[in-house]
Amino acid sequence: MTSTAQTARVFSSDNAAGTAPEILEAVAREASGQALPYGADASSAAVRRRLGDVFEREVDVLLVSTGSAANALGLAALTPPWGSVLCHRESHINNDECGAPEFYTAGAKLIPLGGGDAKIDPDELRAAARHKAGDVHSVEPSVVSITQCTETGAVYTLDELRTLGSIAGEAGLRVHMDGARFAGAVASLACTPAELTWRAGVDVLSFGATKNGTMTADAIVVFDRSLTQELAFRAKRAGHLASKMRFHAAQFDAYLTDDLWLRNARHANAMAARLQEGFKAIPEIQLLGAAEANILFCRLPQQIIDGLLAEGYAFYHDRWEPGVARFVTSFATAPQDIDDLLQAVRRHIA
Amino acid sequence: MTSTAQTARVFSSDNAAGTAPEILEAVAREASGQALPYGADASSAAVRRRLGDVFEREVDVLLVSTGSAANALGLAALTPPWGSVLCHRESHINNDECGAPEFYTAGAKLIPLGGGDAKIDPDELRAAARHKAGDVHSVEPSVVSITQCTETGAVYTLDELRTLGSIAGEAGLRVHMDGARFAGAVASLACTPAELTWRAGVDVLSFGATKNGTMTADAIVVFDRSLTQELAFRAKRAGHLASKMRFHAAQFDAYLTDDLWLRNARHANAMAARLQEGFKAIPEIQLLGAAEANILFCRLPQQIIDGLLAEGYAFYHDRWEPGVARFVTSFATAPQDIDDLLQAVRRHIA
Amino acid sequence: MTSTAQTARVFSSDNAAGTAPEILEAVAREASGQALPYGADASSAAVRRRLGDVFEREVDVLLVSTGSAANALGLAALTPPWGSVLCHRESHINNDECGAPEFYTAGAKLIPLGGGDAKIDPDELRAAARHKAGDVHSVEPSVVSITQCTETGAVYTLDELRTLGSIAGEAGLRVHMDGARFAGAVASLACTPAELTWRAGVDVLSFGATKNGTMTADAIVVFDRSLTQELAFRAKRAGHLASKMRFHAAQFDAYLTDDLWLRNARHANAMAARLQEGFKAIPEIQLLGAAEANILFCRLPQQIIDGLLAEGYAFYHDRWEPGVARFVTSFATAPQDIDDLLQAVRRHIA
Amino acid sequence: MTSTAQTARVFSSDNAAGTAPEILEAVAREASGQALPYGADASSAAVRRRLGDVFEREVDVLLVSTGSAANALGLAALTPPWGSVLCHRESHINNDECGAPEFYTAGAKLIPLGGGDAKIDPDELRAAARHKAGDVHSVEPSVVSITQCTETGAVYTLDELRTLGSIAGEAGLRVHMDGARFAGAVASLACTPAELTWRAGVDVLSFGATKNGTMTADAIVVFDRSLTQELAFRAKRAGHLASKMRFHAAQFDAYLTDDLWLRNARHANAMAARLQEGFKAIPEIQLLGAAEANILFCRLPQQIIDGLLAEGYAFYHDRWEPGVARFVTSFATAPQDIDDLLQAVRRHIA
């Protein structure tokens, strides 16, 4: 067993959390008995049905063990090897997956675009979507990948998504959504999962769950179902077709049951809001943007940073300008964890 | 939850089983509390230490969610893209992984070799290991992949392994072992894991666990530790570096604790032996080779096959000559399951 | 300049020859003046037109510098990475291209089939074409590659081709033809290029020229023109889109002008026939099959082999059973070269 | 034959030119006689010797038919698939090769850097060379690719090259040079080929020739000879090992004989200088940087651009700001061609 502190002090990422009780219970229910392998089990079927309910239409689904696998497989089905993937320069697929998209696509090229809050600027997308299209000397613009929530925790509004989807559609590009924190976006916005995805033009969604309560299960949700067979072959070939798939499926089934995915995300968002409120009351701390989901950026005096680190708190603080820090909450963050953190911050103000 | 029959009637593969209670408990212990992601947790460290004990030397380890991933990653670290992988023509990597080795190696070529009981014939290996070596017009012989236990459930003896390892060594080939059922082989032979692997020349082992009690965790055990960094990059890039690695690690840690891996394998082997003994007493059934581990081949009258299928029994029966069937037992097979099966067989004898 | 003997004594391959005078003249005509690059030149347009005449229909064409490139590019357009290429186990793509098809296809699998004279056995094709089709655990049968002439110099009859094409069509496979010595086949058979290719179901042809008179130009002839754009991207990306394409085009244009390709092939075939006639008259020599095109296999006493080698003759003699040798003629082989060879053989009979 | 105007009016690229007379003669000398294939011919050996003289040390060489192939193969030998290639954002490998480096490297990532005159800024290189090195979540900085001359026709000074080479060396990066116009750089600078390459840390050089007089032959010059065998396999596997290699070799041998490569480059550079001098005398034209080699940028009134185009002149004019145009000269540009162009420009001034 991993040793843990009394109080949760890791705010560096939501992947430091364990798993939700409902997920563990579902896994326990699968522990005994026999089931058909490779997704032919009852829980896998249930996941597909539940996703159909969530997205208000029939969808196909592949369960994989990481978000990087979900992203890379989805992209590989949407771009030829000579294509390009238009994405934000701060995106996870561009910076944090060690070239997984390049590997899975057999060498497609990621084209980094700019834009505030790690959201793709529509004008940049418009230009890139037509750049040297049809010219064999250049990679062919093929797909735009949208990260929802973004790397900075911002949430694309429905209008923003529709704009990007429309630009993509007019240029003949496919649309991929990296939804590692998709639940957080749905929880944050007053709109439906359908509106945020296929109704805005999304063809394939990486529906993240691991950061929000499961152990090792993320989903590729396929709206363009003509891609499903290809994805099945690609997943198998990549070693992402688990033989005992029911253990992934049980996690995801529970994740979708009784809105656990939304409840968890709402809680994580609420914890970030609670932290934000607390920081607002501390004049030494400058908030940098609002916590739209479960990520909060702020500027702290160095003595606070040093003090927190000395107490065992973990958070990113040396990746940006001096004094800038990022705090991430999760489904498992307790109000007391936030209050303890705020109290610790106050202690370190001279 | 996957619906299950009272009695286990699926003998088509050991992947129809659930998970061992000890594995589930270990996962439950990880459910709460925080841990560092990507393998920096305590359970991951424990797995490495325990593997060091099992193999009587320091090893590196990467935990992945499928045996196909373990095989393909291991092979990719052992052969250049222009290399060839010498393997048995019946091997899983050659037939049942949808080209995963070709994908991960960027197009290396699998060279199928013959040999009885799905064991590589040493003379064929000797010839293939030198075939056009150094000739740029041909792929370069680079690695031999040995499956232990083999596809037919046979177990290479230590002498057989040493012979293959020695041929490989003399020709400058690396050695990979697909140990999807490695525990079954160790349980079957009177020798140590070290003797069966690195002492016989094995550089990288796919140490399977999913078929023998875990849910979704297999290990790449790296004896040639100069390959570890490369493997780490390859695994990340392939989407096989789980963020909540502790959930894979907890499974594998429990798998190695108190010899669970060996106890489970011994049990599965014993169940196959029990079935074998039962079949021996039935004159209408002809055994095809001995059950060295947990797989038994036999020839059955069609009426028995049909009768069993009608009762809900599942087993492979149409992949070989008419009447040939395969039965696979697992850690979860109960003696009563075997006895029920034998009784059912007897019922279907006119 | 490469030093050359008075008499051509290299019979190991038709690639030892230089180039046809007509080809050289065409290249010389391109030497001066300016032209648009990358195939937008007049000679490239002429090649396309002439191929349309040769094949009695509109075709697309990509000129590349090697037959391996032509084969690998063509195959990559016909199979997905998770597909399989059914081919003869003796085929060039399977044995002599260092895994070029695997590289270009991003890891598709070549499935070796048997059959006499290096011709694919129709029954083996029929079985392989359906083998595990649609099963994600296996590579998907996707394309059959037919070598015309075969590795042994045999020529598929039109009926044989139609049979293979029909099996492929029924199973939904695409058809690739490796025509490294396509001209020799046309010269040998009483049928048209159209009958031998698209009318028999061929989608993409590697139309070899280098072995038959050009310097460094081979063509990919695309009958399924929906593949052309993809092939153009693939060729560029592989470094096979020459900037001064006119120099490849000039070679190929001349190759097609006034039936040079056919005249050269007829000559090469005639030289092999002349050698065959000569050998027939020598009782110490046993012919092994007929010279249907420009390759002749025979069994020779070791003293003749040794004697010829000592005189500087070159030919393959140690790849098969002892005493078996292969002689290959070319467009540049002179009757005198054959007569000299026959005389030398006779000299070495004790 | 490609139709040509009386006067050369294509200034869009140096690849519009034909071939140098010396090259054609060398090819003609190879036309007859027999030679061993795949580079075992006398001309190939001569090329290797001559390159040894040019670079004042033993080198290995692979001849290929395009510069893109030379670049992509060289890079593939210098970076693992999980590596990154640091290059200028304007570089040919980043923009104009349709992802060839990504294809050949099995998905390595090109990291675009800034800097004036399309030269890599040393500070940006220094930062990128250490960026997340050793972190499996990111591609690993592996190689810097330097384009000499640059995309804008600028020439790195020896000091500039040494600085980049030194940064690379300290960070453990390999150094690739894209020398598509390498001859132009040598002609422009007062230093030796050795100083410009391996003495400044270059491991592999794409030694371009096609733009400077050959038809279809470029060279990969290998200074780190431990890479040669790998490159040989990679080239074969990519379809870049020509069977009649002597025709590439003859071109390159002539290119190196009696300093043809340097004489041609000096001529091309002189023609650009002549054009520059002419433009200086025309007040309506604004020069944009100096013509260090054979490329000249300037700003022209639209009426001149339109007038030249109407007369059949070809040059890039719509890729940058309005009015900016690029003129490229070649070994085949005649002084009269320049004078005619200048006269045409003057004609179009109202």
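A few comments on the model shown:
Just so it is clear, A, B, C and D label the chains in written order, and each chain counts residues from 1 on its own.
Note that a contact is a pair of C-beta atoms (placed from the backbone, for glycine too) under 8 Å apart; a residue touches a chain by one contact, two chains touch by 3 or more.
This structure is a prediction, so every number in the text was calculated from the model and none was measured.
When chain centres are defined as mean Cα coordinates, B lies farthest from chain D. Counted by C-beta pairs in contact, the busier of B-C and A-B is A-B. Centroid to centroid, with C-alpha atoms defining each point, chain A and chain C lie 52 Å apart. Work out the mean CA point of chain A and of chain B, and you get 33 Å between them. Computed from the mean C-alpha positions, the centre of chain B lies at a distance of 43 Å from the centre of chain C.
Residue positions of chain A touching 2 or more other chains: 81-82, 97-99, 103, 106-107, 136-137, 233, 236-237, 241.
Of all residues in chain C, only 1-5, 8-10, 13, 15-19, 21, 24, 26-37, 41-43, 64-73, 97-100, 103, 210-211, 215-216, 233, 236-244, 246-248, 250, 332 touch chain D in the complex they form.
Residues 81-82, 95-99, 102-103, 105-110, 136-139 of chain D are the ones touching chain A in the complex. For chain A in complex with chain C, the residues that touch the partner chain are 38, 80-82, 106-107, 136-137, 140, 230, 232-237, 241.
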